[in-house]
């Protein structure tokens, strides 16, 4: 199994202040990697650094053999990296179908029709809303659309920043099932999550960040059983 | 009634057409580049002078020579973006606003240096108005302006909703950071914005020049009502800007009609203030405009 | 050029330079300290000029007048009227992004111009107001009066400078700069952003009105077409940017420096043959426009950059 994404000794933040320090992790091909930790631990910052939306003070990020540290954000989609930010992740005045279309501009999929059908079957809710402006969708539908847009270019690596944030329990289940479906199509997934327990259940690899630094890493099952992790993150709170 | 249509309503629609075309550019630039482009009026003037010069060399109707004006205006816009606006892009947008203020003066000075400060006309002599149904007298200019603007509006709508560049432009206007994350080429979108905005401004400039005279302050004098129109339509909503332009044009011209009694409702000397008053009302009560544009 | 001629040229230069310095200091309060973009400087300047003229001139059937009040009261009237106009603009725009304030300030300048030109009962329209008094009118005349006026202008410059300095170093000024640099944090700290910005704008406009008043008293005659309004607005912006925004000494230095360049090029182009001479004023404007772009890109903080005042912990 090859390493698709490799973060080494990364120190990054905003406005001259580092939020994460010396963070290191590797992501294997076709795996689901999960990043969890308390609020303010720097999980989102880590993800944003991969797509070059933060100031990087030290360390490197490699996508396969390509060094993408601090690259131009819009250059990443053609490389095969698609990200879904936590908020403001759809274009509100564009219709659902236009949103999906945008996903194909920077890196057209090999067979556009086939890809679109595949994604609409993953998100059947969107099928009858194609001409609706994305701003009118519910939170859960918006999340689906955001992920759908990212998948339209057949990416190799999918980055999700708290995909279940603010969603109803029904959608929560859907999203986690979805992630496994997406992995089945051969896409590598890196996910930042607040719902630690559920995230760990589907994770091949999990990384815990505390105060901007690596705390512990391991398979999902191993961390579920880990005492320190159970006490801090799994104590009933979901 | 006929008099109302001939002397007030049709000229109002003409003025509205000019405002509409200029406001579209302002709204787009506001929406995508996120700053108030104070030099947009002068881009109109550049376009007007481009066509004027072409008319001097090629004896055709100004409207046929429109591409020359558009080309000059687009070249001017892309040049100032490259050398003056782009270096300031990462800073708070107010710096670009200040820069555009300076660019306005630069454009005007260049026009005054090369073409002189006097008034010029496209066509000498008086042209006969069109007479429709034996009652409506419409100057050819009015008919041309209104029809061409409506055509452009339809074309613009199709461009924005059907073409890739159009959709990319709407996406960048909606969420610029997401657009970058989605891989859209922002610089290409910015270029397209300038090309469309400047071309439309050139058309507006030619109509304005045909309506009055071509002189260096042509566009600058129209800037305020065009800003009002852009805000009225909702920032970042080009079709809204077109509607806004017509509303402001109508308000301005029709305000001098004697709605009540014999005197004009608003004295003609204050006609140009009508747009400003509407803008103030908008800023107080509904800054997002009619079509709910962005508030920046 | 004979010596006395040179001296009196210099006096004229310094009077105009002083008035520009006041405008720059005012703009520095709005932009340098408050981050507010005022594109209607000429409007507040003009309205202050007319207010002072109306309040200090004798009765006339051509325009509102007959109050015959002393010049300091004229300047006070100028400050009040200009400040009120500034208040109206800022009140509407202050909670919106700065671009809107820029548009509205141009708008108000245009409205004020329309009122000045059209309301002849008030201002005698395009014909203007004449007979505006000078300080110490009955006592000195001719060249001597110019010297007196020079002194008056620079006394006002000094007052405005000291006032600006005090504002800058005060807690009020620090809050203002905090708002300018990071509005969100300041708001989170509980500061009433809109109120601060409003005050800033009004104070700046009032001072611009005073500058206008001084100009009216200098020329003794006032008309709407006396100065090209855009040029005034533009020159002041270039002066502040070049001299150092956020910085009072920079404001004065920029005013004098750019005014010197402007005047020098005027002397130069006056000696050119007439065909080129008319174009030359446009060439000068072009160069100033380019200078602004250059300063914006390279020297945004100006030649004399901002220096944060020491925090004083004695009684405030």
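Just so it is clear, A, B and C label the chains in written order, and each chain counts residues from 1 on its own.
In the analysis below, a residue touches a chain if its C-beta (ideal position, glycine included) is under 8 Å from a C-beta of that chain, and two chains touch if they have at least 3 such contacts.
It should be emphasised that the depicted structure is a prediction, and the values quoted were computed from it without experimental measurement.
Novice: Drawing the touching chains as a network, do you get a line, a ring, a star, a complete graph or other?
Specialist: Shape of the chain contacts: a line, open at both ends.
Novice: Report the chain whose CA-based centre is farthest from the CA-based centre of subunit B.
Specialist: Chain A.
Novice: Select the chain whose centre, defined as the mean of its C-alpha atoms, is least distant from the mean of all protein C-alpha atoms.
Specialist: When every chain is reduced to its C-alpha mean, the one closest to the whole-protein mean is B.
Novice: As a quick test, compute the distance in whole Å between the mean CA positions of subunit A and subunit C.
Specialist: From the centre of subunit A to the centre of subunit C is 54 Å.
Novice: From the C-alpha centre of subunit B to that of subunit C, how far is it in Å?
Specialist: 31
Novice: Rounded to a whole Å, what is the gap between the Cα centroids of subunit A and subunit B?
Specialist: About 43 Å, centre to centre.
Novice: In subunit C, what residues contact two or more other chains?
Specialist: There are none in subunit C.
Novice: Quick one: which residues in subunit A touch 2 or more of the other chains?
Specialist: none
Novice: Inside the complex, what are the residues of subunit C that reach subunit B?
Specialist: 35, 37, 39, 92-93, 96-100, 102-104, 106-108, 110-111, 114, 117-118, 230, 234, 237-238, 241, 278-279, 282-283, 285-286, 288-290, 292-293, 296-297, 300
Novice: Within the complex, which stretch of subunit B touches subunit C?
Specialist: Within the complex, subunit B touches subunit C at residues 30, 35-36, 38, 83-84, 87-88, 93-95, 97-99, 101-103, 105-106, 108-110, 112-113, 117, 223-224, 227, 267, 269-270, 272-273, 276, 279-280, 283-284, 287, 295-296.
Novice: In the complex of these two chains, what residues of subunit B are touching subunit A?
Specialist: 164, 167-168, 170-171, 173-175, 177-186
Novice: Show me the residue ranges of subunit A that touch subunit B in the complex, using the header's touch definition.
Specialist: Counting only subunit A, the residues touching subunit B are 51, 53, 73-78, 82-83, 85, 88-94, 98, 101-103, 105-107, 149-150, 153.
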